[in-house]
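Take a look at these structures.
The two complexes that follow have chain A in common; it is paired with chain B in the first and with chain C in the second.
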Partner chain A sequence: MTYQPSPLRLQREAARRRVSRQSTLVALISTVAIASVLVIVVTGAPGFKLVRQSFFSWHYAVSAFPHVLSGLWLNLRVMVIAEIFVLILGLLIALARTSHSPILYPIRLMATIYTDIFRGLPLLLVLFLVGLGVPGLQISWITNSAVVLGTTSLVLTYSAYVAEVIRAGIEAVNPAQRMAGRALGLTQSQTQRYVILPQALRKVAPPLLNDLVSLQKDSGLISVLGAIDAIRSAGIETAQSFNFTPYVVAGALFVALTIPLTRFTDWLTRKQDRARVQQGQW
Partner chain B sequence: MKKKLGIAVTVAAIVGSISLGFTATASNAATPSLPTLTKGFLTIGTDDPAYTPWFDSNKPANGKGFESAVAFAVAKQLGYPASKVKWVKASFNTVIQPGKKSFDFDINEVSITPERAKAVDFSTGYYDVAQALITTTKSKIAKAKSIADLVNAKLGASVGSTSYATITGVIKPKAKPAVFDTNDIATQALINGQIDGLVLDLPTAFYVAAASLKNGLIVGQFAPKAGSDQFGLVLTKGSALTKSVSAAVDALRANGTLKALAAKWLSNTAGAPVLK
Partner chain C sequence: MTKSMLEVKNLRKSYGPDLVLHDISVALAEHEVKVLVGASGSGKSTLLRAINLLEGIDDGQILLDGQDITAVKVNPDEIRSQIGSVFQSFNLFPHLNVLQNITLAPRKVHGVSKEESEANAMQMLERFGLADKAKQYPDLLSGGQQQRVAILRAVITKPKVLLLDEVTSALDPILIAEVLALISELKAEGMTMMIATHEMGFAKRVADQVLFLHRGQIVEAGSAKEILEDPKTMELQNFLSALREAGRL
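Showing the complex of A and B:
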């Protein structure tokens, strides 16, 4: 005798299909409705033509693009260098803060004060202090390059954030892991290196990447010290034409820069998840 | 020419109309019939801080400083006595933003260019401006005599200014110029030796070299083509006032008022050698 779904079951399945069809329809209608309201409100606004002209002018986008792009090259170099130093310094500070040995107490204290101060200070102030204050000291062997000092300020500020993220990751690893590592005969530092940190960094990869994306955008702030980055190039173009399109061009380029990083994080997380499922860790 | 370009464009948009207020010194000319923002009053915008020698003590409404004096003279010419003039703060970005402005006209060292005139209305020019290079006695360009002596200098300017165009178009040094948000930051960079020289409009250059720098000096000015760089009053594109305001500026130029005010408020700028 073949399987014969009960009338009740057929009824239930039909109801489910109906509900699913309904919700698709509702989602569709609401999307279309909201989109058309937005389009009508924005394009129907009395100043729409003016706004389109001053923020989305193809003419100014084309003429500003090479300038903004050459400014972006500075952003790129600054962000890559800063990211490397931020990750190294942030990791060191996190390790210092999570250390337990009494002999390391002064280092722990220093790390705590460091994160407190640099997470609290506005980046702009750090930029002025380091970028204009340090050269003011007139010490001959310290550079007065705006780019180097600006990048240093970024590293100082962001390593404090990143240190806290990594510390959270380290503390989220079950203490039993450390004991297990020690029980296997690994030294303290081997345990840290092969057991704790891989798990800690995996846990905090998304927030870590978040900070790096934020750093990418803030790389433009070094322009207050005189360096010409993408945003500053856009500002120079805007001042010449009184048209804001160059800023939109710079914005589009920044988005284009961050999207690969976000996708990379997603991919990384998925890959790790798959690996863990295969290892039967779930 | 303009000095400030805030870091956040959005912040600039918020800085709207905060009237500075002006204490009335009674006068009652026939109420003028111009279609101003507030009927019966003339609203004039400028940036905050408003720099010397264009304004005095960051108080545009006190009538002191060249641009403050010019603004009141234009107002009077239009039939608005000082008691009918309101001042509002307007940062560079709010001056150039599309759409309606928060002022009837803005006075803030804005250079007239045909490209800018596509986005805003300008009055006729009220001041012919030249660009000048300042430095400190310790700098390597302190003794520069010609543009050729500046080729290896690291120069700075404020964003939005024609000073930047002077560096890239006239001086053409090898090093990329440094561009700052305000003259204050640029001056600090000059004091620190982070830049060798700073390009400013000539009256500001005289003021900064004398008042803000301990051992400042003017290297020289750059020969402007006659009438090539003029400051104009900024109005909303297509403003109904543009014609009247321009006519008022023209009248003040014709009767010598502009010249007299420049002589009163701006230092004698004839002393700066012209760099070629």
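Showing the complex of A and C:
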């Protein structure tokens, strides 16, 4: 015998469809309403024409684009290199901070001071201190390249953030896992490596990626040291034309660059949430 | 008398002002199975954790196969690699599949090759009807399956002593049966075991001797029959009648 949906089910499904149609309609209306208000307020502003000319000029966007894009290539390299170093350094600091061995006490203390300082210092200040202060020392074997020193500043600052995220992950792993590892005869460091860290990194992947997105965007700040990146290239164009459109072009390119990583972060977070709900750990 | 595999002498342990183990002495011969019973907080888990050196002790001595494992110069990692431990909450590693959980210690602690340890593990999983679970992650297994994997993980390295701490307390009755069947099989193979449990029926089946712990002391010791049917002390009588009232006896 074939299954005949009961009238009850059909009724329920029809009602659900009705509700879903209604919500779509409401969402549509509210979007149109808010967008119209925004458009009216902005375009109706007395200075709108001037702003549009100096920030959103198609002519200047086209002429600045190749220069900004070639500057962005530098940002891209800085991002990737900084991300690699940040992850390595952040991991080492987190491990130092969560260790309990008495021999490592001075290292633990240094790691704590390090994260306290670099999480508190504004990145711009670090850039000035490292980018201008280090060359000022006039040590012959230390580079005075703005790119290298700028990247170093990014690594110094972001390692402190990433270290704290990883440390939170390590501390969030159930202590019974450590006990189970030790009970099998694994040493302290084997337990850390094979049992604790893999679980910790999985737990903190979303906030970790979030910090990397932020790092990507802040790579534009190395321009204050004179490195010719996307922001600096835009600045040079602007200085010639007195039109700010090149900055907007640079901004749009940065957003385009970070969107894949932010979407990936969202996807990963949702996946983990679903897994937790399935396991009943929510 | 066969040789003593494990010997605990005058063990004393306190947490601050609370004395949790009070002059405990117990010996476990090779192939012997001793069962610890007693109310929660009587010191059963602390005793087991002290034996595999997960818990420091205040006074006394523990000998494993004749070696004083509470001596200062002893490397605790090496001792733990000779003792198997299974816990109430399984504590399988959630990021590793069943096979990886079982082969981690053989590979990293005992230096067995990946191929050999996996072959050993598969053989064991097949014997206990878990071969189809080898590539699954612990989350997808039932509690009984998880606990059986945890037991196999503890015995694959052929420990001198296996410590089981309330391994069925988190399981429902049907799952308890499959875990107890596995433990009975290990006894038949001659595994030396110290078991803390609430399952009196099971204690009757596997115990060579039952020890009744009360407030950190061994108050009575004897065969399961003696302990269950002829309690001598007031404390044991109270414990048994409490179990009876709760329908667990």
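Note that the second predicted complex is superposed on the first by the 239 of 282 C-alpha atoms of A that agree within 3 Å, B and C clash if a C-alpha of one lies under 4 Å from a C-alpha of the other, contacts with A are read in each partner's own complex, and residues count from 1 in each chain.
Following the convention adopted for this analysis, a residue touches a chain if its C-beta (ideal position, glycine included) is under 8 Å from a C-beta of that chain, and two chains touch if they have at least 3 such contacts.
Model, not experiment: these values are computed from the prediction.
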Chain A as common anchor, with chain B and chain C clashing or fitting: fit
Touching partner for A:53 - first (chain B), second (chain C), both, neither: first
First (chain B), second (chain C), both or neither touched by A:15: neither
Partner chain in contact with A:144 - chain B first, chain C second, else both or neither: first
Partner chain in contact with A:239 - chain B first, chain C second, else both or neither: first
Contacts of A:224 with chain B and chain C, given as first, second, both or neither: first
First, second, both or neither for A:183, with chain B first and chain C second: second
Partner chain(s) touched by A:198 [first = chain B, second = chain C, both, neither]: second
Of chain B and chain C, the chain that contacts the larger number of chain A residues: B
After fitting on chain A: smallest Cα gap, chain B-chain C, Å: 45
Complex contacts: residues of chain B adjacent to chain A: 2, 5, 7, 9, 92, 96-99, 113, 115-116, 118-120, 156, 159-161, 164-165, 176-181, 185-186, 188-189, 191-195
In the complex, chain C residues that touch chain A: 52, 54, 77-78, 80-83, 85, 87, 89, 91-95, 104-105, 108-110, 139, 153-154, 157
Chain B-touching residues of chain A, taken from the complex the two chains share: 47, 50-51, 53-55, 124, 132, 135-136, 138, 144-146, 221, 223-228, 232, 235-236, 238-244, 247
In the complex, chain A residues that touch chain C: 176-177, 179-187, 190, 194-195, 198-199, 202, 279
